[in-house]
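Two complexes, one shared chain (subunit A), two partners (subunit B, subunit C).
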Partner chain A sequence: MKAVGARLPRYDGVAHVTGRTEFVDDVRVPNMLWAKALRSPVHHAGITKLDTKKAAAMKGVHAVVTWEDVPRLVYGHLEALGIPGDEPLLAKDEVRYKGQPIALVAAEDEETAQLAAEAIEIDFDERPALFDIRKAADPDAPQIHHWGNWYPHFEAEMDVRQIRKGDIERAFDQADTIVSGVYRPAAIEQAPLETQISLVVPEPNGRLTIYSCTQALYFSMGVVAAHLEWPLNRLKFVGGTVGGGFGGKVDTAAETVSALAALKAGRPVKWRWTREEEFLCSSTRAPWHMEIADAVTKDGWILGRKMLTLHDSGAYARFSPYGVTKHSFHHTGAYTIPNLHFDGYVVFTNRVPTTAMRGFGVTSVSFATETHVSRTAEVLGMDPFELRLKNANRIGDTSPNGIAYTDPSTVPTIHSIAEAIGHELPGDYRAMTRDARGGDLLPEHLVAQVGEVDH
Partner chain B sequence: MAKHRGRGISAIEYPTGMNQNGDPSQAWIKMKPDGRVDVFSGTSDIGNGSKTIQSQIVAETLGVPYEWITYDNSNTDSSPVCTGTFASRATFVAGKAVEKAALSARQKLLEIAAKELEIAPDDLEVVDGEVIAKGAPQKKIGVPDVAAAATWTHGELITGTGAHLNPYAAIVEPATGKVDSPPHAAISYAACAAEVEVDDETGEVRVEHLWQCFDVGRAINPTLVEGQIQGGALMGLGLGLLEECYPYYPSAEHRGGEFGSYLAPGIKGLPKIDTIIIENPSEAGPYGAKGISEMANNPQPPAIVAAVYAAVGVWVTELPVTPERVLRALEQKDRGPREDGKWVIFDEDLSVDTVAAEGSRFHFPVGG
Partner chain C sequence: MNLTVNGVEHELESHALRPLLHVLREELGITSPKAGCQQGGCGTCTVLVDGEPRRSCLLPLAAVDGAAITTVEGLGTPEQLGPVQAAFHDKYGSQCGFCTPGMLLATHALIERSPKAGRDEIEEALAGHVCRCTGYVKILEAVEAAVGSAS
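Up next is the complex of A and B:
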């Protein structure tokens, strides 16, 4: 039997649907404590007082963890990629979003932990908050991030992700029509059935066993090791089975603070986020603001694209600079556009930090650019299939950052959809392939870019 | 008041592997004394089916039945590095790592079999759990017998390791975004058509039918890849029509804190979905596969928005396309885009140049 290509059932499907799969919440160990967090009730404030003595003295409370207990308070999850850290594991002297964790209490049961978290004495000096990314660079905008209101650490310390290709002004001069539009997809929840959770067990040999719902065992282990300043051999992550992630469980949301609580209490600690915490305090898919102006000819060639992207990162950077870079690399969608001028900003606001979600960085740009192409077809009075096929990327065309496409399938997939819905295409469009353009098929505005390809 | 139908389309692409790469996966394999196979990989299964897919790749590569494979991704003591299950990399990058580990274990299997059969390893192949002499299929030995011989006769372990890493693609020109090598492991492609019905009295949009075509490179498991595409469609409907964390965005108030106050799509009310898979093998993926899991929720929103335009003549470019947004757009239907020379300018009221204050760094000038 051939295994590859076989319609085999999921390895774990029966266990999932019969409730026999063991998720982190199903794991119970002796002497286990339960954790609850104190979170910011306000969007933006200085912390003027933080006193945990009363909470720590409560009956049944075994540990209260604050920023003072974290060996390395700030660690950027993508420092290896050159994206520095900006987010404290637990808030120190300020909070930048409602729901930001400030302290974690480990107690005999969840109710005691919750009451103790509420008994922590804390005072805030509330500050103006910023929510509209379009107004983040206004001269009178509240300053909400120590880096400024947008991310300043792209390569060469640039504060914008740029793509420049070809001669954009010439393309706009030569265009018959320029179509501009604005596209704004919403923040959405990953909404996994399994909320963020971890169980950390201090072992007699000094190691920590961390039961985790992470989508990335080694990545999350690296995050915990960095905050604890521990070598990897003192940690064991147990996981691999995730009750829904969709990107939200790339954030290592519960493991590190639970580990600190378990170390402080000397007992296993489970921190299980409520559904409300999952909705209101865990990261979301980002809202985006995208503006596109396309320079087109009356017969439907897209000569050039100018684009501005503002990405709502929420209160901290997390993976957003990575997401905007990925976004920029794909801002021509499935087409070859030889002249480009793209600016993308990671903009901070006082909302829950946004993070990865299925299609990270590109779901937004697919929506914007495809809607824009449909609109352009309407403005030009062209068949939207034909406009797409004409500009479709082909083998040997180059991407926004100058890489030749080796196996694009824009033409075959569009052909399939036309056939599926019974949309008749003219013969020359039906005859198109994904093969390299050349000779008579090569429109003048693409000559230069195909010429520069290294094969 | 009436219900109107319309169709819209989209065509999209999406990269496999982390943007700019640099995301390793590793795997190791050992064979038990009866030929059964243990695979250790650090890939978390987030519902994407990576355990099954990677087990299929190992079975195919080793030449043994799928049922012989046990796949362990349970902990970091036994499993080597996998950067993680994101960036559509679990089949392509991590799958390539288990394929390489299986090739390495297969080589060891053939070396032991060669001793038993007294035939050179290069002249042997593994087919359906048996090691067979090429061109002389009567000369053969079962994989369980080879594994037993390795254990009890030769004092050896049939094992193999594999790792896969696409090199990091550095941005060498920050001003232009140029990179020094391909910033993706592969790129996948899809196209989609949506048929909607729009009620111009209530503003409600119903997606009646979706047609989706994905080039998956190679369907390692057609059932699972169809599941990804159809599950993705469900999430795409949420993005297009229903879901928003901040109902009054950009305000952060009035968030839904429970499923009862957050509208996500359910099975009820699903449109008819036609799924078309085409296979243009990727150059580097395991058995020609590409990753399509994430992009599966990308083509629906723009196809739906174009279909709504086809139905009632308005562009709704803030998502989701709620009844309120449709009705507001219908009220302003006569306004149309502003024309200025050769410019056709839509959505000017949403632009940063309208909303931001004088002196803002953010600027997108439109018009002649």
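Up next is the complex of A and C:
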């Protein structure tokens, strides 16, 4: 335990301050080509013509890669978890978001690659686009995904992530007040200073060496291997130095297509996204729409919660069903609400696919829950600290998905905040601990729940 | 054209309009200036041109013909860190490290110009240097420490 509480020098600190840290873009190999993408200029369209002949014939161009070059075109990032694939690596007969990659050109320099990408002949048959998740179920909403406008493959082929706990009708019957609210956090671009980048080097022994900025190296290796239909032992990934990720580098963005271009050209290929591509075409944190109705008593017990979540997945599923599942498990946050009715939908739109960012799926509902608890305190005319302590997660309470808490931190955290800002708490609230509920702080509606828990 | 980079003279035959950033990175193999946005907006490509912090992504080579360029490699070595490097290292002024070279050079130029710079001057000198990891608190502490050790 020499490190706990001690200020240790960063292992990479000296390299950082002397400019010696080697990011992917700093790796130099001989004979390297640069890549540029042709991306969809429209939000939603059928592709009626795709002709790369002129681009491929340009001086200095060594490879043009399209969907035809991908051994396995569609692979889902989370197929191993039972979430089927829906997204082609390169667009085939349609595009579903502006910025979707259609082709990659590898050439002697970036300028030539860019000119060649622009020389690819392509025609679109534009279709109406959907951007508002609240309108996805309207009868006249554009149909934008072959699965329908929302994800239909949760367990037992349900189209919704559901949680049902306790007796929600009884909770709402017993309530003195219903506190309702709608929370809509917007999309956020992770915006790392290092844009998406990869460098792929074909080796004489038939393997590929892939320099990657991924946050999830072995995961990305699996994604590349799946699209290439190669065994893992033909791929050597070099990673671990990430110029900022914040979740945006969990998706395997550049490696696979660069690998196909390097194989086709027989030369190393580096694909470095521009800042504009990073903002417009890389995945973002999702926008969410959350509707909460809490059944509360006038003395501050939250008896039940009804919640509807719409998660904007963008054009494809990627990790979103997993994000909504996490969201559902955490939808009461730091508080224990014994009766729950939760419905969460993964809704498709013609936006860039959304992904992880700092607490995938959880930060949205934490924002909603904390704001909602404060609003409930206002409605009841109660101290928001006391309301939080009263409903805090305690040892033995169960989460929305039925896991008994063994180490909940709500009570000590609220105490620390109150102390830090000099907020006076009444004696019985100050004396509260995170231990299992009992005595006068055990309300009737929680007795049954505590009784069920196997310690 | 001629450039002196970290005290070493180079003769170059590159295109006159090639950005200094690409000349340094692709031709001279000096990779500490980064291509963060290539629009002059993020500060990661900053180098010192005759002592002044400049965005190398927007500087055509012809505009710096004959100049003395300093990159972070010129501020010290791993064995012997310069004072600004030591302050950033000691005060945890970098996280992923991508913006760090630019931050260091802006700080170095500030101290050369104003050895007793206060908080306002520091913030002005670092304006336009974007860091997405630290939230800037550690960076400002590092700069203040560097200013303190210089004065």
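We adopt the following convention: the second predicted complex is superposed on the first by the 447 of 455 C-alpha atoms of A that agree within 3 Å, B and C clash if a C-alpha of one lies under 4 Å from a C-alpha of the other, contacts with A are read in each partner's own complex, and residues count from 1 in each chain.
The rule we apply is simple: a contact is a pair of C-beta atoms (placed from the backbone, for glycine too) under 8 Å apart; a residue touches a chain by one contact, two chains touch by 3 or more.
These numbers come from a predicted model, not from an experiment.
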Contacts of A:T363 with subunit B and subunit C, given as first, second, both or neither: first
Which of subunit B and subunit C A:A191 touches, first, second, both or neither: both
Partner chain in contact with A:R272 - subunit B first, subunit C second, else both or neither: second
First, second, both or neither for A:G244, with subunit B first and subunit C second: both
Subunit B versus subunit C, judged by how many residues of subunit A each one touches: B
Touched partner set for A:A15, first subunit B, second subunit C, both or neither: second
Touched partner set for A:F329, first subunit B, second subunit C, both or neither: first
First, second, both or neither for A:R28, with subunit B first and subunit C second: second
Residues on subunit A lying within both footprints (that of subunit B and that of subunit C): 9-10, 12, 191, 242, 244, 246, 275
Residues on subunit A engaged by subunit C in the complex (per definition of touch): 9-10, 12-23, 25-26, 28, 190-195, 242-244, 246, 272, 274-275
Of all residues in subunit C, those that touch subunit A in their complex: 25, 29, 31-32, 34-39, 41-42, 44, 71-73, 75-78, 81, 85-86, 88-89, 92, 94, 96-101, 104, 130-133
